[in-house]
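Once you scroll down, you'll see the structures, which are given as structure tokens.
What follows is a pair of complexes built around chain A, which joins chain B in one and chain C in the other.
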Partner chain A sequence: MENILREPSWFIAWKKSMDKTYVPNTDVAHLPEYRIEQIDKELELYTLKEAFETEGIRELVEGLLSSALLPNPVDEAAAHARSSISSGLVFYAQPKIDDTGIAIEQHAVIETTVSGHMGADLLIIIAKTGAHVRVVDKVIERDRGARFSRLCVVLTEEGSSVELANVVDVKGLSVDFQRYGLVGAMAQVRFLDEVASSSDCRIETASMLIGDGSRSVIDHALLADATGRFTIADRIDVRSKEAEGNISVAGAIAGSAHITYSGHTATKEGDIAVSARESARFLLLNDSAGVEATPAIDVLDRHTNVAHELSITHIKDEELFYAQTKGIPLPEARLLALEGFFSPRNLSKGFLGRLHKCLKAYE
Partner chain B sequence: MDRPHEHNIGLVEDTVRQISSSKGEPEWMLELRLRAFALWQETEMPKWGPDLSGLDLANISYYSEPLHGASEDWGEVPDEIRDTFVALGIPKAEREYLGGVGAQFDSGAVYHRLKASLEAKGVIFEDMDVAVKKYPDIVRKHFMTSCVRIEEHKFSMLHAACWSGGTFIYVPNGVAVELPLQAYFRMNKMRSAQFEHTLIIVEEAARLTYIEGCSAPQYVAASLHAGCVEIFVGKSAEMRYISIENWSKNTYNLNTKKSIVAEDGNMMWVSGNMGAKVSMLYPSSILLGDRSHSESLSIVVGGDGQVQDVGAKAILLGADTSASIISRSIASGGSVVGYRGLVDVHGSARHALAHVVCDTLLLDGESRSYAFPVTRVCGSTSSVSHEARVGRVNDDALFYLKHLGFSEREAMRVLIGGFLHPIIKELPLEYAVEFNRLIDIEFLEGESRRSPHKALS
Partner chain C sequence: MNEAASLRLLGVTIAVAGKAVVHDIDIEFAKGELTVLLGANGSGKSTLLNGLFGHPDYALTSGEIVLDGEDITSLKTEEKARKGLFLSMQQLPEIPGVTLTNLLYRARIELFGKDTETPVEFHQRMVVLAEQFELKKELLLGEVNRGISGGERKQSELLQILALSPRYVFLDEIDAGMDIDMQRKLRHIIQHLLGRGVGIILISHHIGAVKDLAPHRVLVMESGHIVERGDLSLVHEIEKNGFSGISKNAYE
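What follows is the complex of A and B.
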């Protein structure tokens, strides 16, 4: 078939290695569309096509995708998603130093609009030594019933940091994210999500703490309603000393939605002075909602401190009664309880609005 | 000791038939065994959990026909067998604080006695082989029908095909058995398997504490323990099941334990797991009746390359049910200590509560700890919480105790004792003392933890 997107041969070979049934994408009319709302001028941004054509960036992208550090797809669906990648963005950040000599954070806010039957893209963020980047990506659905997959790879060199915040507020769009952070010495990667959906949502997030003193945070705020089916899998893989990992999930489930959550923190022998924590909280808003959670840990060195906690609960009558005794009407009391469940996160207006609608629908 | 009636290295249908005929069992039990054997043959080994490849099922003796039946008098038990149990302290315990004792040596019971006062109240405490014939209706109704089902997994199938010995206990309505009943299982033969079956029925408003102990001498070749415990807790009844599993380090301990708890019933599992090469133990409670409750308290001690994959399950079906699972583990000597558990709250379990805690101390850099706690909840009126911590003995606490004049060893002992205390305090005093002694031997004296039995190995 014709290489309509003019992808380099190594990229096609990589996609074929993912999925033997690979077929080149010819539906160029429905590639994901990107709108840049805001971006610091020093932050270099390339489309995937531009990245393939830019010396230096091309080699970085190829190196990342073929790296042994990049986990293999967990199943056929994930492999198929990777082989379907037909567009994407690459952020390349050098350190930005202010007048006083301090490295300051660079920002970007983008919107990804998905239309058509299926879209799959690649997002790469590379932070060079000492660079600090924050990227906010909002996923917009144009067509209900579409499916969107994204492979995201974040590479942080020594002393750098990347924060990637995904905002997903959809009804009929099925979402499949595979996100990986490769964290160097004294570097940090933070994956933050706000996901509200009535459809299928699969998010796999893994941070490999490779350099000594590396840190990672994986944080989800989730709202699954109607017939939403969420599969969330988080992993922190410690391969260094003095590393720190933190996984935190807060999810509200309504309608006949269901969340399946698995967390896994793994350390190996020699990973001394490691601290890791997993915290998962779920709030069931009605009787048809359900959750299955497995926050797993695997520790091979005693010079670590690893802990996890899980709670699955509901809005308690005592909480509502207390608010009502203070003069707060019941609907507002329920909303306060629901917002309080997600604290101390600062939720976006969109997410709060969705929470509000959800409560009204299931009162 | 000569054993002319040993069956059989490896398992074939003839062995199953021979087991049944040598016991003179009713036809229904033979049919159950054969059905289980057929299922076992067509079922694969489990693909999850610890590595069981060292268990050579084709080279194990599945049944050693007892040379003597069970007696009610220790004086009638063959000397070498009696001496084994004397060294374990069983006859002394019976005299001092137990309501009844059963003792099993390899495949058969050698001793069984219940205090007359309990017999007069209608309590039945019987060797399982005898109970099948003596109380056929009640045994047939409960034996691997609704609690542990034959089809549950490969080793429940194997157990159903080969079971031998064990304990049957029946406590009638309203009877409180104040003194504990105990059974002790000794697997003495090399390269053998033990499949004792324990069936306990505690009727409405009755009360019982039952203790099981087990051990085996140390051999090189692998042995297998695939016992089964089924407990039926009636309305408003209370059941406390205590087990100290101290199998030798060549034993694969793949026990299945489950209870069904009726309305307002209360089930408590207290386990001390120290032995075995590989253990897979998940005592389970099905909280069927409204307001039923279960607690699982376990201590897991891993040393010398052992693999302890241990946990608990609670399935909450009734309204206002509650479950608590607390596990405290210690890993040293390159052992692997894992918690694997399940809390499953169904939609029918309105206002259910469950709490799970699993903590592990890693005492050296060679050991490993993992936790796979699965929690499922459906419905918006229940609450479940879980917490787990893995780490080492706190350096600050150690320093503080040394600063007060404790040696490092004494300080470690104090801190380990404190870590295990919430569970050890639930054991009968004599067992708590024994368990503490075994921990001293395991961690602090560096001796074989089987030293009391060296003369018998």
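What follows is the complex of A and C.
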């Protein structure tokens, strides 16, 4: 990890234009462009360069990235992505208290535009004790055929919470996300995503429940269409008492797309009153779509409460006919069934639109 | 042919997997009248209904469906629903993740166009309707036909009929799985619908319940044919002699 920190490309200078778009002011090609759509004024945001120039933040970021708690790259591709980081953003949240003394959530919405073939970037979110943060991170492709890697590291101190919602709606951009959460006592990390792609997509998510009473949620809504190849790997490591881990995957697959999924919730002996749940559901929209799913839960303490669900299914003709007898046309009936499949997730309009187009294409 | 009849089946034949199993059916249905379709298991009653509504496994190979003088035979399933036809299937499939309110709200938009009623307002109105007819309002926010009993699924169908205001309702064993209280509510709803001019076609195996409903018209099917037509007295005869006694007479 220390090698990454010494990577000279980390210290690319950035400028902030009037419209709040961050663009590199060097001649380095193919860096992502960050657009800050919305941010609470109390939520501190640094570019990577700024973070490394700011006393207090630099130590935190360095400490976080060199932490032994951060998992090692799982393969060569992951290692390469980590070693080629050239830009990034750091969110740093102190608790925000309203007039009545209650800590309230701080929000940010960022949009990352990716063009050309590029390396990797970094997104760090640090929530100090009692802080609550929600970051929506949208990835936009400008040029198809590019590859974009992102390392996300989330740290929640005691009693804090972070929700990171990744929204990816691409066709030809290959996406590689590595997301890691370090969850303190009574803290919570939620990794949500909504990923629609016709290309390669790799999302590795791991949460470490370090503090007692910590909680983590990993919740995917996926649409793999055309020739998309998704590799989804989730892991929740329980290292504390009274912790709770929830993994939920809902994936629709169309065309000749394929999803390979592995989920793993690991508990250890002495992790009393731990609750773990894994739900992996896949919907095949046509015969040539495919999925391979391997969920796993290690239960090493008899006081652990676990649940597990895996299903691979398709929309049944009877469902569609039933909806049609109520007056709903076939395409809308299919969309209704598909929305139902993703329930209770509230899908964005963009994702719903992509589902609709996908259904039309494979009618 | 009774010209006052609003919905007519003329020589309808239904095939399954290329083989005709319901043959040359002529039936007239009138507004505000209850027609009961009886017959032993496998006699073709459900096949007839599925074929009429365009189920993909059932093909209407000949004949016509005429509604108010218009041939609606070739209309799609949803288009028939928009014409005011409602089918309550015998086996009610689950639609995971879709609430009954959501299904009905979408259906209402398709049937009546977008109105000013929001989903929340629609749900509130449905709750009032459920209470009025003593139906379980909790079904409205539950997933369609999921995690509920057979009788509750049938209740859900009744809520749908009340919400969608159809002109002709085909009920395929709506009374299956209903307890005695629910059967009383069903009778009340059927009488309510008949009073509003809705034509009802009921398939049932509960002869006692059919007698209580005092149908206007009774038809008996066997081997895909209508073998007997009559009124309430035919129900009494079936109760006494069974279907075998009736069909024996019909072929003689």
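By our rule, the second predicted complex is superposed on the first by the 335 of 363 C-alpha atoms of A that agree within 3 Å, B and C clash if a C-alpha of one lies under 4 Å from a C-alpha of the other, contacts with A are read in each partner's own complex, and residues count from 1 in each chain.
In this section, a contact is a pair of C-beta atoms (placed from the backbone, for glycine too) under 8 Å apart; a residue touches a chain by one contact, two chains touch by 3 or more.
Just so we're clear, the structure is a prediction, and the values are computed from it rather than from any experiment.
Annotation: superposed three-chain arrangement on chain A; chain B versus chain C shows no clash, the two fitting side by side. When both complexes are overlaid on chain A, the residue A:Ala361 reaches neither chain B nor chain C. In the superposed model, A:Leu336 makes contact with chain C only, not with chain B. In the superposition on chain A, contact of A:Gly327 is made with chain C only, not with chain B. By the touch criterion stated above, A:Glu319 is placed in contact with chain C alone, chain B being left untouched. On the chain A superposition, the C-alpha centres give an angle at chain A of 70° between chain B and chain C, rounded to a multiple of 10.
When the two structures are aligned on the shared chain, A:Ile36 is found in touch with neither chain B nor chain C.
Considering which of chain B and chain C touches more of chain A, the answer is B. Of the two partner chains, neither chain B nor chain C is touched by A:Ala77. Legend: residue contacts after superposition of the two complexes on their common chain; A:Leu69 is shown touching neither chain B nor chain C.
For the pair chain B and chain C, the model built by superposing on chain A gives 14 Å as the shortest CA-CA distance. Against chain A, the residues of chain C that register as touching in their complex are 53-57, 76-78, 81-82, 86-87, 89, 91-98, 102-104, 106-107, 110-111, 143-144, 160, 164. Taken in their complex, chain A has these residues touching chain C: 316-319, 321-330, 332-333, 336-337, 339-344.
The residues of chain A lying in touch with chain B in their complex are 269, 282, 284-315. Those residues of chain B lying in contact with chain A across their complex are 345, 347, 360, 362-392.
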